[in-house]
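Next come two complexes built around chain A: one with chain B, the other with chain C.
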Partner chain A sequence: MSEEVEVDPVTGEQTTGHEWNGIKELDTAVPRGILIFIIVTHLFAFGYWVLMPAFPIGWTYTKGLLGINQHEVVEQALVQLQDERASWTQKIDQLPFNEIQADQALMTNVRDSGRQLFGDNCAACHGQDARGRSNYPDLTDGDWLWGDGSPEAIAETLRVGINSGHAETRMAQMPAFGRDAILDRQQVRQAALYIYSLSHPDASTPENIDQIEGGRTVFADNCAGCHGENAQGDREAGIPNLTDQYWLYGGDLETIIETIHGGRAGHMPTWDERLTPTEMKTLALYVHDLGAGAP
Partner chain B sequence: MISGLTRDERVQGLGLLAVVGAAGLVLAVAGRWDALGIHGLLIVLCCALLAGYVFFRLGDPEPTEERLSRYYDDPTKVGIALSMAWAIFGMFIGVWVASQLAWPDLTFGQAWSSLGRLRPSHTTGVIFGFGGNALIATSYHVVQRTSRARLAGHVSPWFVLLGFNLFCLLAVTGYSMGITQSKEYAEPEWYADIWLVVVWVTYFVLYLRTLARRKEPHIYVANWYYLAFIVVVAILHIFNNLAVPVSLGSSKSYTIWPGVQDAMVQWWYGHNAVAFFLTAGFLAMMYYYLPKRADRPIFSYRLSILSFWGITFFYMWAGSHHLHYTALPQWVQTLGMTFSIMLLVPSWASAGNALLTLRGAWHKVRDDATLRFMVVAAIFYGLSTFEGSFLAIRPVNSLSHYTDWTVGHVHAGALGWVAFITFGSIYTLVPSLWGRARMYSPALIEVHFWLALAGTLVYVFAMWNSGIIQGLMWRTYTESDTLAYTFVDTLVAMYPYYIARAFGGLLFLLGAIVGSFNIWMTVKRGPVAVEAGRDLPAAAVALTPGE
Partner chain C sequence: MAELFHRKIERTAIGFVLAIIAAASVGGLVEIAPLFTIDDTVEDVADMRVYTPLELAGRDIYIREGCYACHSQMIRTLADEVDRYGPYSLAVESQYDHPMQWGSKRTGPDLARIGGKYSDVWHAMHMNNPRDVVPQSNMPGYPWLATTPLDISVLPAKLSAQRAVGVPYTDEMIANAARDAQGQATPDSDAAFEAMERYGEKTQVSAFDGITTQVTELDALIAYLQVLGQLTQAAYVDTAAPEAMPDEDPAGAPATQAEQ
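Take a look at the complex of A and B:
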């Protein structure tokens, strides 16, 4: 070990005289810039401590000269935001749907905020474009399972949900005719063929006409009670029309058999406590607006 | 490896393996209805394999007393090999999880390969597996050289190294079975945590005993940092993991810290794990291998003192900046933020001390990729410590928090600083350790350097962009004063950056594979050093038998 102080030829600085396995150290003074930098950061910290809540004292803490409290800051920001939005949300709250729809400025507000509301709450099932997918209805096609597609009806569906936990929930359930042995395999198949032929008249051929006619009887005895004699359903009770081209679970023969065999009970959550009345009303208008061009 | 141990030491090792194996058996029986039982069996299996290896070599020739006049480097060699193996494992998992974010089907629908289980395998693999093994291996090397004394023991260095790897193995296999405390960077459950305490206290005692044997009047800076790393990690680990198991037969435990205090303890731990595991330990590497490689004296001893105590004191307060704008009282946030700002100066003093040490050696940086690894590390250290202090400022944090910016910041430090200084140190260390004149292929070190640098830059720039875009989208309002973007809108915006991030990580992984190959070939076929025998402890007479 050498305890000899040397002068480093490159920098002209002295070493400390320490050496570890060939590593030496220079005794360079701490650069002034670093000292200044230390002073600046410390002054900032001391200043911040004086102005802001900083140190605990027993059960309380130093509040700081500015008297800033993060909880109050958040509350004030929320109140301010509500105030700014109130310019249009108050009208949404107070006006009936048709008057809002007639007000183009208000509808711009609805489209602005409805897009984000829909994207964060509805799109997970109905899709970003609201066109749904298998088992989740398309909201843009003008066909409605529940209600007439008016903003009022949509708002009601949002509020109570379908087969949800809400006390006033919209409820609709189709029994499992096959699984629960209400119908035998032959009857399920005949009913399915009949139902399929309602929306696909070409499917009726001389070879299967007997089957279809058998299905007509099965339908009249088991299905018409809900779906109606003419199979056109009832939108006030969430019962689908079986004669059109709109199928929630699929309109091919196999899927219809599956539906009759296992039954169906769709689900949509209630948004009553998750969204405010203003948000639900805005969403109802937004969703209605999406399908405004539909037949 | 076994040839460096006497018969008595081999028997001691078998005894230790029997004790640990018995503990594993107890866990296997007690936890037979739980995943804990599988871990018990894993411990038994590891102990049995190692015991078999030792048992069948009990009769091998013993070393002579002459071994005491040399440094004990066998554990360092194994530590480096383990470190590189964990690097490839951890980085591979990293590339996988990064790809899952862009292409979610890459989970293949399995529970063990879901992002929530692979992600801690990545962090544990790279931080503890790669980083931890590198720290243990280099600390053994450095403490001997800077003390001119042989390690204080022959069995305990193995106990620490292999025990630590058992901890890592329990951690990673546990995640795949769903065992976790759900505390970031402290996921392993109570039994693994207790085991790590035993290992770590042994490490501490071993390190102190070796330092106590030193033949130098002063303790070198690198050892201050290694010791700070060992002491503080022990304290952090113990306090953050205080928990009560559901039963002795269950892997599940519940923390003793309630609510916001749990959050505070967790981030006091989390941030100081960054400080004392990922910073102090690697600064120790830098303080030894950088001046060694550059063959220059440290720029300023005084600056070393200032930065060491600055880092040690200020870091302890900074953890609460992870909890800005939360239920944590605002005064705690104030302290976290202001101490983070004061921390910047000692951090930069360390980076500056490293870069100024290179005065008169910059031409070597141009020519020598190994030294360049360490220089880039010092630059990234400076960069990410500035970024850290900046992100700790509350209004800045309100934009950056919970976004990819945080991920970018962490990787600027983890890739640019931690991994670069480790590769530079390993490339310096490997030839001397195996008696080689140089690494097998200097060209492959260049290849590794540029792959690693390109990977880091692609990764960090992608995450900066992604994070800032994400943060801005979250706070953009429409003219109707409602939020403009949905959550999915932000994901769509981040998609290209996710792909870039996975690509950057892939480059970094390729670099690590090239590096591992180069190390392997150096050990197997590197050119033998002509000048040998200088790397010895103080005169052998100073080492009495039994020491």
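Take a look at the complex of A and C:
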């Protein structure tokens, strides 16, 4: 191993001593700027190791002098968020619905925050405009399946859901009269015609009056127990009014037959654990507000 | 001295290769090895459940269809995320995910807590054609899932494979995997009660796609989506997320939080 040091006469630098076909490589030092950069980044890394959680040591790890913990950081940020909103959320928590509704400044907060909450949680089913679609009720039309449409009733539906997993869930199920052979095909068809004629008086013609009268009997024997003698349902039990123009699943004859045949059991999730009481109250007010003065 | 050492190691081929391997593995050792030795990397919670066979099959469909390419399953420790999606994800929640589905690409929303947020009917409609329920959605439809029967004969093998990598499935669970999958999608059947006995009473038995006569891939996928974030309550118990206060007096919640 030769240790000869050769100096390049042009640059005055040493060569590495390697030679390839007469070409020799200069042993130039790392440029000062890059060297300083490397030193600085190493110092930064070292400082980071000391200050922040960094190194595993057996069954634990170095926690760092600053004691920073991501979980605590986010918790503080959440508390700060809550504090920022506290000026109006505390009023939402404490005031009854009618007083909140009377406070226009507070309702502005409700509309802003409610719109966000509705978009994140409710819009997937009810639509961003809350007008619903087949299977998912329109929340703006003032026609309610459960409760009287007051903010209190809406808040309760949000809290417990409908046919949900909540212990106090609102429950309503329409039996499958056709599939479970409670009624035969003829009876299903007659009942459907009768129900259709309730909201469409024109559908009653001399040709099908016998069918409709047969349906009236089927209805009285099988459906009136829940939907009532006059078919106007019961909002306290989530039983729909069959005499109006509002249909959750569709009000044409085919869909009514399908409903009687296969039964229905809508599902609204419970929001009790997913949303805070403040958020549910805000949403109830927001949804009620969409109906613009409906009861 | 250092000069001489370098000169020496540089000229010893095998020695130099070993030195490179040693240097390159430092990163891996520092990042991966502690996961096996440090006790609090994965939280110790008592109520953590395993996926049922049907949910596990749904998880494989989720991976097969590439859902992870647009959906993450990781709520990060950022206030905005917790505000929108709920308590941040804990390591224990993906303890039985092999491989985990955390992801980082969010063309669609995070799904870590999607379980129970929407109804089964919504999921069925949404999978058939997302625009039927969310008009502005750009997610593709997956209509074939509803018509493709689930291959339940492979479920015992799937469970065994999961057990081989540490998921505590019992011999009984493996032997009855196919029956349990069918039971979970058939409410009120004997098999459903057996599945609940084996996997706990929190097991969600449902018709999922609305049809009980056949277990389809859609049943499996909905069962999986409905259990996301539901395997343990730990995230709601150990964190300061606002949703984490089921036992607290509602009116007092903000004040208590501010005191922390």
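The criterion applied here is as follows: the second predicted complex is superposed on the first by the 219 of 295 C-alpha atoms of A that agree within 3 Å, B and C clash if a C-alpha of one lies under 4 Å from a C-alpha of the other, contacts with A are read in each partner's own complex, and residues count from 1 in each chain.
The rule is short, and it goes like this: a contact is a pair of C-beta atoms (placed from the backbone, for glycine too) under 8 Å apart; a residue touches a chain by one contact, two chains touch by 3 or more.
Source: prediction; values computed, not measured.
**Q** Contact-wise, after the overlay, does A:22 reach chain B, chain C, both or neither (first, second, both, neither)?
**A** In the superposition, A:22 touches chain B alone.
**Q** Figure out whether A:274 sits in contact with chain B (first) or chain C (second), or with both, or with neither.
**A** Second partner only, chain C.
**Q** On the A-aligned overlay, A:112 touches which partner chain: chain B = first, chain C = second, or both, or neither?
**A** First partner only, chain B.
**Q** Which partner chains sit in contact with A:120 here, chain B, chain C, both or neither? Use first/second/both/neither.
**A** After superposition on chain A, A:120 lies in contact with both partners, chain B and chain C.
**Q** Classify the contacts of A:56 with the two partner chains as first (chain B alone), second (chain C alone), both, or neither.
**A** both
**Q** Is A:70 contacted by the first partner chain B, the second partner chain C, both or neither?
**A** Both chain B and chain C are touched by A:70.
**Q** Between chain B and chain C, whom does A:93 touch in the aligned arrangement: first, second, both, or neither?
**A** second
**Q** Determine, under the contact definition given at the top, whether A:135 touches first (chain B), second (chain C), both, or neither.
**A** The answer is second: A:135 touches chain C but not chain B.
**Q** With the two complexes superposed on chain A, say which partner A:81 touches: chain B (first), chain C (second), both, or neither.
**A** After superposition on chain A, A:81 lies in contact with both partners, chain B and chain C.
**Q** Across the two complexes, find the residues of chain A that touch chain B and also touch chain C.
**A** Residues common to the chain A contacts of chain C and of chain B are 1, 55-56, 61, 70, 81, 120, 123, 128, listed in rising order.
**Q** What part of chain A is in contact with chain B in the complex they form?
**A** Going through chain A, the ones touching chain B are 1, 3, 8, 10-11, 15-16, 18, 20-31, 34, 37-38, 41-42, 44-45, 48-49, 52-56, 61-62, 68-70, 81, 84-85, 88, 108-109, 112-113, 115-120, 123, 128.
**Q** Within the complex, which stretch of chain A touches chain C?
**A** It is residues 1, 55-56, 58-61, 70-71, 73-75, 77-83, 86, 89-90, 93-94, 120-121, 123-125, 127-128, 133, 135-136, 165, 267-270, 273-279 of chain A that touch chain C.
**Q** Under the touch definition given earlier, write down the residues of chain C that touch chain A in their complex.
**A** Residues in contact with chain A: 7, 30, 33-34, 37-40, 77-79, 82-84, 86, 88, 113, 116-122, 125-126, 132-136, 204, 236, 239-243, 245-246, 250-251, 253-254, 257-258, 260.
**Q** Which stretch or stretches of chain B touch chain A in the complex?
**A** 145-146, 148, 215-218, 220-221, 288, 291-292, 295-304, 306, 325, 329-331, 333-335, 337-339, 341-342, 344-345, 348-349, 352, 359-360, 478-489
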